[in-house]
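Here come two complexes built around chain A, the first alongside chain B, the second alongside chain C.
Entry: the complex of A and B
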C-alpha cells in the first residue's frame, strides 16, 4: 500500500498541490464576489428601469397585481438551466426554452414603454451572471473537497513514514 | 371747199401744232426760274462772303490765341486728373488686398475659436460622463473586492526572514519592516501561469481520492487508530483556532496581505526551495491566518430625504382618507359633482375628446380621398373612395384605443379642489375637528 501511494504522488508534490489549491480557493472567493457585484448592479439597473416604466404607465399598470397568481394557467419558463459535464467538471448552462412559454410583456398592457423592454433584457443578463456565480460556487465546493482529501492523504503519508 | 380746208387746217393745227402750248410753258418756266429767283442766290453768296471775311478778320486770331494758351493748361489738368485717378485706383487695390488678408485672418481666428469651443464642449461632456460613472460606482455597495488575509504569527515570523529587495510586494514589505501601516491594494502583476492547476494535477487528485477510498474500505479494523489520529489532528486545529480568536479583537488597522501578495510568496518559496529544502510550505504558513471579506458600506439615508418621505407619506394618507370619507361627509358629498361648473367642465372634456376623434377620422378620409390623388395623379373614383375609407378605418382603430385609455383615466379623476384645508395642515392633529369649518370657508373663497 505504501508503494502504491508513493507512486501516486510523493509528499513534496502533495504539499505543492495543497499550496496551489489554497491559492485557488482564495482567487475563487474573490471572483465570486465580483460576480455577485455584477448581479447587484444589473438588478439595480433593471429595477430602475422598472420604476421608470411605472412612472410612465401609472401605478396600477405596473404593479404586483399584474403578476400571475397561483390560480392562473401554468406556463414554463423561457430560460432553463441544465447541468453539463465539461472537461471533468459539472457546470450549469443556460438553455432557451420555446415551448409553452408566456411573454411577460403581455402582463402589463399592449403598448409598453421602451424601459420595460430594457428592464427585461437587463434581467435576462442578470440570469447569466447568476449562473456564473453558481458555477463558481460549484468550483469552490470542489476545491474545498480536494483540499480536505489532500490533507488527509498527507497525514496518511506522514503517519506511514 | 375753203371752209373745209380751213376747218381741216384748224383741226390739224390744234392736233399737231404745239407751238402755243410750248410757248406758254416756256414763258412760265422762264418766269419761274429767272425772274422770281432774281438775285436770291447771289445775295446768299454775298452774305456768306461777308461772314467769312468777318470771321477771318476777327475770330480766327482770337481762337488761335486762346487755344495756344488754354489747351496746354487743359492738357496739364487732364493729365493731373488721370494721375490722381491712377493713384486712387492703386490705393483702392491695396486696401482691397489688405481687407482680403484681414478677412482671411479673421476666418482663421474664428475657426480656431470654434475648434476650441468644440474641444471644450467635448471635454465638458466627458467630464460629466465621468462624474456620472463615478456616481454610479458609488451606488455600488462594494468598491474593493479583495479578500484580506491577516497573517498569523507563524507567517509574520517567516515573512521577516525574507530579504528585502525591489521585487517584494509592498504589503509584505510592510510586515517585514514592521511598519504597522494598514495594508493596501496593489496593482502588481504576478505570473499566474505558475499557480494554475493543470490536468495532471487533477488526475493526481482523482487518484488520491480513489486510493483514499480504498484505504478507508480496507482499513476499517484500524479505524480506532485512525480516530485517535484524527482526534489529535482536531485538537491541534482547535488550538490554532483559539490562538487566532485572540487576534480577532484588534484587527482593524493591522497590515494585511492580498491574494496577489500570496501568489508572489508562493512563487518565491517555490524558487527558493530549489536551494534550501527545509522551507515551510505556504499552506502550513497560512494555517490560522484570518480571512476578512469586505463589508457593505451602510449608507444612512439623508435626513432631508427622510423628512420629505414622511411628509409625502402623510399627504398620501390624508388624500386617501378624504377620498374614503367623501361619500359620508355631508358637505363634500355634493361637492364637486353637483356644481354646474364641474358638470360643464366634464361635458366640455367629453365633447372635445369626441370632436378630436371625429376630426382625426375625417382628416384621414380626406387624405385617402384627395391627398393621394394629388400626389399620384388621376385615379378612379371608386379606388379613391376605397383608399379614403381604409385610411379612416385605421385611424379610427388607433383613436378608439387612445380614447378608451383616456376614459379609463377619467374614472380615477383626481380632486380638483382640496377640501379639508391646504396640505400644510396635514400634520395637524386637530385636523378632524376643524374639518367642516374649513370646508365652508374654502367654498366661499371660490
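Entry: the complex of A and C
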C-alpha cells in the first residue's frame, strides 16, 4: 500500500466520521429543542399556579418583594447539581442538599394555598428538564469541537494530496 | 471540612423575570453565600442592561455555578455577551418565559451549531463539481 493509498483511506475514514458527527449534531439539536419545549410547557403550568396563589393571597404576597436579598441571612441551596463521568461523557445530575437550607415556602407565609405547593412541585420537575437540556448542550458543544478538528484534519489530508 | 466541600454540588443560577425567579427559587435553587452574594437576579422593565450584563459575567466567572438559566427575551438584550461565552461549563441555558415562547432561531448555541452547516459542504459532490 502506497502513501497515496493510505491518504485516500484516511480521507474516506475522515469523511465517514464527519458524516456521523454531523448527523449526531442534527439529532442533538432536535433533542435540545424538544427539551426546551418541555421546559416551556412546565414553566407555563407553574406560572399558572403562581398566578392562582397570587389571586388567593394578594398581589404582593407571591412576588419578588418576598424573595431574600443581599441583606438577608445566608443560606444554602437545597437543589444543586454535580458533575459525573458516565461512559466517558461529562454529565450534570441533580443532587439534594440538606445542610444550612431554608424552606422557600416560608418566604410567602405560614399557611399557603395548595396552588403554591403545586407550583413548587412543578418547578422542581422543571429543574430535571433543565439539567437534561444542559447535558445535551454540553454534548452539542463537544460534538461541534470534534467536527471542527476533523474538518481541519480533512483539509490537511487534501492539501498533502 | 474537605469531605463536606467535596459532597456539596454546584449551583444553578437564574436571571429572569419575577415569575421565573420566584418559581425556580421555590424549586430550591436559591442561595445567599457567606459574601452575601445571591445566585439569582430578578429583571424587570426598569433594570438597566449594564446591570444584567454585569450579573451574567459575575455568574459565569463564579466557580460554584454550573448552570446559568436566563429568559430568552432577557438574553436578547445581552446577546453579544452570551455569544462570547464559549465554555461548556457553566452551561448557559436560554429558557422561555410565560410571555415569550421559546424561539430556536435566537438561541446562541443552536445558531452556532447551525452556522457550521455550509451549503457548499452539504451539496452531493461539492459545489466545485457543478458547472453552469
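As a convention for this text, the second predicted complex is superposed on the first by the 151 of 161 C-alpha atoms of A that agree within 3 Å, B and C clash if a C-alpha of one lies under 4 Å from a C-alpha of the other, contacts with A are read in each partner's own complex, and residues count from 1 in each chain.
To be clear about the criterion, a contact is a pair of C-beta atoms (placed from the backbone, for glycine too) under 8 Å apart; a residue touches a chain by one contact, two chains touch by 3 or more.
Computed from a prediction, not measured in an experiment: that's the story for all the values here.
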Contacts of A:159 with chain B and chain C, given as first, second, both or neither: first
In the superposition, chain B vs chain C on chain A residues touched: C
First (chain B), second (chain C), both or neither touched by A:149: first
Partner chain(s) touched by A:114 [first = chain B, second = chain C, both, neither]: neither
First, second, both or neither for A:37, with chain B first and chain C second: both
Partner chain in contact with A:29 - chain B first, chain C second, else both or neither: both
Touched partner set for A:15, first chain B, second chain C, both or neither: first
Overlapping contact positions on chain A, where the chain C interface meets the chain B interface: 22, 29, 33, 37, 40, 44
In the complex, chain B residues that touch chain A: 139-142, 145-147, 149, 195-197, 201-202, 204-205, 207-209, 211-212, 215, 229, 233, 259, 262-263, 266, 269-270, 281-283, 286, 291, 293-294
Touching residues on chain A, where the partner in the complex is chain C: 22, 25, 28-29, 32-33, 36-37, 39-40, 43-44, 46-47, 50, 62-64, 66-83, 90, 92, 95, 97, 99, 101, 104-105, 116, 119-120, 122-124, 126-127, 130-131, 133-134, 137-138, 140-142, 144, 147-148
Chain B contact footprint on chain A (complex, rising order): 1, 4-5, 8-9, 13-24, 26-27, 29-30, 33-34, 37, 40-41, 44, 88, 146, 149-150, 152-153, 155-156, 159
Residue ranges of chain C touching chain A (in the complex, touch as defined): 4, 8-12, 18-34, 36-40, 42, 44, 66-67, 69, 88-89, 91, 93-98, 101-102, 104, 107, 109-110, 112-114, 116-117
